[in-house]
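This is the structure I have questions about; it appears just below.
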Amino acid sequence: MKKVKVAILGCCGVLGQRFVQMLNKHPTFEVSALVDLYVGKKYREATTKWGKGSGGFDESIPNYVADMEICSADDIDRDVPLVFSGLPPNVAGPIELDLAKKGHIVVSKAKDHRLEEDVPLVIPEVNPSHLELIERQRKKRPWDGAIVCAPNCTTSIFTLPLKPVFDEFGVEEVVVTTMQAVSGAGYPGISSLDITDNVVPYIEGEEEKTRLESKKILGSIDKPADYKLASHCCRVHVIDGHLESIFVKTKQKADAEEVKRLMREFPGTGLYSGPKRPIIVRDEVDRPQTRFDRYAGEGKSPYVGGMSVTVGRLRNEVFGLSFISLGHNTIRGGAGEAVLVGELLEREGYV
Amino acid sequence: MKKVKVAILGCCGVLGQRFVQMLNKHPTFEVSALVDLYVGKKYREATTKWGKGSGGFDESIPNYVADMEICSADDIDRDVPLVFSGLPPNVAGPIELDLAKKGHIVVSKAKDHRLEEDVPLVIPEVNPSHLELIERQRKKRPWDGAIVCAPNCTTSIFTLPLKPVFDEFGVEEVVVTTMQAVSGAGYPGISSLDITDNVVPYIEGEEEKTRLESKKILGSIDKPADYKLASHCCRVHVIDGHLESIFVKTKQKADAEEVKRLMREFPGTGLYSGPKRPIIVRDEVDRPQTRFDRYAGEGKSPYVGGMSVTVGRLRNEVFGLSFISLGHNTIRGGAGEAVLVGELLEREGYV
Amino acid sequence: MKKVKVAILGCCGVLGQRFVQMLNKHPTFEVSALVDLYVGKKYREATTKWGKGSGGFDESIPNYVADMEICSADDIDRDVPLVFSGLPPNVAGPIELDLAKKGHIVVSKAKDHRLEEDVPLVIPEVNPSHLELIERQRKKRPWDGAIVCAPNCTTSIFTLPLKPVFDEFGVEEVVVTTMQAVSGAGYPGISSLDITDNVVPYIEGEEEKTRLESKKILGSIDKPADYKLASHCCRVHVIDGHLESIFVKTKQKADAEEVKRLMREFPGTGLYSGPKRPIIVRDEVDRPQTRFDRYAGEGKSPYVGGMSVTVGRLRNEVFGLSFISLGHNTIRGGAGEAVLVGELLEREGYV
Amino acid sequence: MKKVKVAILGCCGVLGQRFVQMLNKHPTFEVSALVDLYVGKKYREATTKWGKGSGGFDESIPNYVADMEICSADDIDRDVPLVFSGLPPNVAGPIELDLAKKGHIVVSKAKDHRLEEDVPLVIPEVNPSHLELIERQRKKRPWDGAIVCAPNCTTSIFTLPLKPVFDEFGVEEVVVTTMQAVSGAGYPGISSLDITDNVVPYIEGEEEKTRLESKKILGSIDKPADYKLASHCCRVHVIDGHLESIFVKTKQKADAEEVKRLMREFPGTGLYSGPKRPIIVRDEVDRPQTRFDRYAGEGKSPYVGGMSVTVGRLRNEVFGLSFISLGHNTIRGGAGEAVLVGELLEREGYV
């Protein structure tokens, strides 16, 4: 079978490295272009900080890309239908637009286009049908390519377990407090002097993202979901893994045991890079814990660890439900989810 | 002027050490008995881990206690009216009862008697009038002494800034997520293998305390306050300082700027160990931070740093108010608050 | 082929867990007895802290032992020739003696018998011939079993790269300063309050071990090697991995490039759990680093990561040679090395 | 008495902030110029990161500088005899030269001029007489001002306790391995992703500094001291405080107890910012420890904490002596030492 050619934008950064790793020995995707600033250099020369910006990386750069030359976005061939973007915010916007105009489908982890009305914002297990927006997007803009976004890491990690609750009981109010990893700020990112023995209770722009993105994902393609959400996003001293404290007021009374069952039965996509069980529910009183559960996830890909979200401490509280949700911010909340969106696009016939 | 004689129970532990430090050169209290298991040893011999279980300690044991001999609770003289208890939970209960029977007034940091109906649970700036319960307690039991409690650290740190909101606007619902320091678990307490690069989203018994204690403190001596409170208590990798994310639904609409003003104007007690401003409100978008703000507090005592609570990110959210509150768990949330209760008892004529 | 039955002493501790993991799907060893205090419990019930005391563990307890019942040392069958001991010091001594008397060959990670004259202290790549001491031991004691020891973690990590230097140029003086991981102290081990933002420049008994054990290993079975060694053993805030600063005065002038070549060519054992290259030499100016290099090692076993020692900054200094050596203290310096000794015993026909 | 006017170069950086703090309420120095890039801004506006790059800072910027305007080096008045330089390396060199030409005496913490033959490199307790080089410098260059340097932090922390050993017994060889704090790399400096759960065994240029600077300090103004020194400089995860493992081969046999006595009796300078006892020797087997001993130091200034070096584990080893030395890198090894040099210059009549 012929593989689908793909390109990676921002291939040397933390997200780019994760794309490179997750696409290593991929059964249906074949990396044919690596895009970053160091045009003309070999990937191994340009990526001197391989594995430094997040954990769980193979010890060395995969052979399949080591000697590939970095190119510019303009160099991506017409016959590369799919482009994964790990570009930084603001940089991403115009480059992604340009590639969509040229006929590529861009799957982006950047925030720039996420909230545009005709851009699907997709967690493959939660709202795969939002890909229909591609049709609308192509009519409106008009172009042959497309821009499809994966949500912000923090949003993804609580919206996934919120989905079965939302579907079965309805949601009125959500209160979120996050304890996020330093890898979320990229590399070098957070100074050791700023986070050692410290908590920083603010991450620029993050709280707005949790609010707007989760409603878009749980809503229809015509209208965001209608609930109230407030959040505090905090940085704590962990390398990887966002742990989130969630309180939910449901429309109808939700029994904790029933919710656990629904979460456990919540189906995976069956796609190569997706976990069999997207939501793992633990009954121990003190789980999930960041260091011990961030690599949860089983499935076909050797890189599936970190693609499941782990839920714990799920119980009925005075207002309704409360639970802890933990996910790996650079895998489930990062490149892993974008790769999964790419695989969904392939299955749905877009590429 | 003659000083009031005081005893310290559990003098060698983290709380006990803090009592020892805060009572160093105290203008009206004089430590005349040190109680711990190592009866007969000198304090300097028994306290080999001075300053290890929390930060901000003087480099060495204060001279005034260094050569004092440890005694047992039975050895406390009749003429010592005030006893500070830093005993561990469950151990504290019967010993404190016994001392109250003998006529001492015990100010305890242990949970054992906190929720008993006739035991005042006091934050001196918030509910000093609850000391009236002593009268009721003496009638009921009957004894000449008394048991008075200071609240759990976590409770103290959010209940203090909640007080002006409660008084002015009324409170319907509170959602609390905490990021607590390892020193809260005592010494040696939390293993480095359990908290390095990790968050533990559970602390035994802590969530119930936040719920029951805050309502008792904000209520009258006859009835707890009537609001709903849900909480998640988490341990993060900081040495000292509990940072808490708070969401409040008020009965009447509370404007954030008005709330800031009320908090800033919230009066101190004027007592020796209390801060001039119990609540410090910061306007920077990323404060308070644990390492930089945990020693906030100005006042008469050289040990007043850590007695103020710092509030930040105060704003109106969809449900009402939200803010971050930070306090030092072994000072404001620990021995410091108990010393302040002792000083309040002195001013009110109980000792 | 029939597998060799083996038992694990102290199977629930950090070392015991590592034995369990390294023997998972082992081609020639079959775990037939698990020994610990919780006699009668299933392994999964007794090992509630699986994976907590060190990193790199599979997410859950391997199936092959999960339902096996813990037994006592007395319950080990006669037909189990090989016993791996992860018992704590002082506890280990008499139990291991007893098992040797009963005819078992005990491979121990405990210090108790390491320095006895007739006990082989073996790093399989360095001094496999020391197994000859078994003969002498059996004559002297007399028994049919044997006690064979693997060295202390710290010793192992510098003695392995010292071996080719010792053989080729001779060694006169060695100065060692270590920066050791908290997992070396077991679980719960080091309090977070003792190591956060701290270095502890002392580990009880460790410096003497580095001195005596390395000379025994590099010497003949009749006489320890003759050089001077001084060391400072320090604890730093890393989870796993001992990084060691080494200065060596050689008898004959040793050229740094030649030493690098000798280290790189230093042969592995060819055994299942051993790395192809026991010593990895890196040329980058800032490697090895603890977090990035502690899992170095390639070979047949899926658990071989952590079995290589990584050397870096190798250069000629005023006195001779200096370099940094890094190894995983609970794998190369722990159960991994003991398993390797077990495999060597099998190849040499002892079991 | 009229105070000596001083200027601070690089006043907004970590060292600059420390100068500002140590000169707060200084009895004989008066800060009259603050130099940094943000010319025209008030100090409080320009220094938004006050206290972030190292610990032990007062909570807020001292009043005396808060509203002072930043100026450029060219704006320093002729009547300011003394200039403290906390400029970064390479930037410092030409600016300091220029100021010396204009007649100012510059006390610099930058490396740029340290090793020039006619520039005194001074630890006031160790080699105050090296100030004589100023005369030679003024003849050679020729100018009316002067450049005087304080050594690199790492050098200072081991050279101070080495001095009484050098004087009494002579030194042949020194082996140094350091465990240095992240604050040594400035702010933001070291990424949290580079040092969490890690040791980095390399700091650019540091090892050469330890070698050349210590010999210049312990030598005469005509010739460096003659001994061999080798070192490994490592970065560990502590905020402040360099802990150093030292092995010394002395010319004459040095008894450990005698060395302890000599170190304890080693005299302070009597200057305002200097500690009464520059070297504190501890007998406990596990001290000094970075977090607990880095603020050692007693004296006249309220900012003297961190000006003493703490020595421990001093003993005779096979080669001679070994010990651990710990000092605060941004105080004793930083601005504190430069201030002390300034006070020495004042006492000796240079300003």
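Should a chain be cited, it is by its letter among A, B, C and D, assigned in written order, with residues numbered from 1 in that chain.
Throughout what follows, a contact is a pair of C-beta atoms (placed from the backbone, for glycine too) under 8 Å apart; a residue touches a chain by one contact, two chains touch by 3 or more.
Just so it is clear, the structure is predicted and the values come from calculations on it, not from any experiment.
Between A-C and A-D, name the chain pair that shares the greater number of C-beta pairs in contact.
Answer by contact count: A-D.
With chain centres set to the mean of the C-alpha atoms, which chain is at the far end from subunit B?
Between subunit B and every other chain, the largest centroid distance is to C.
Roughly how far is subunit A from subunit C, going centre to centre by Cα mean, in whole Å?
Roughly 41 Å, centre to centre.
So the centre of each chain is just the mean of its C-alpha atoms; given that, what is the distance between subunit A and subunit D in Å?
Between these chains, centre-to-centre, one finds 48 Å.
Return the residues of subunit C touching two or more other chains; collapse runs of consecutive numbers into ranges.
Residues 52, 196-197, 237, 239, 292 of subunit C each touch two or more of the other chains.
Considering only the defined contacts, which subunit C positions touch subunit D in the complex?
173, 175, 177, 179, 196-202, 228-230, 232, 234, 236-239, 243, 245, 247, 285-292, 312-313, 317-319, 322, 324
Under the stated contact criterion, what part of subunit D meets subunit A in this complex?
52-54, 182-183, 187-197, 237, 239
Please output the residues of subunit A touching subunit C within their complex, sorted ascending.
Of all residues in subunit A, those touching subunit C are 51-52, 59, 196-197, 292, 295-296.
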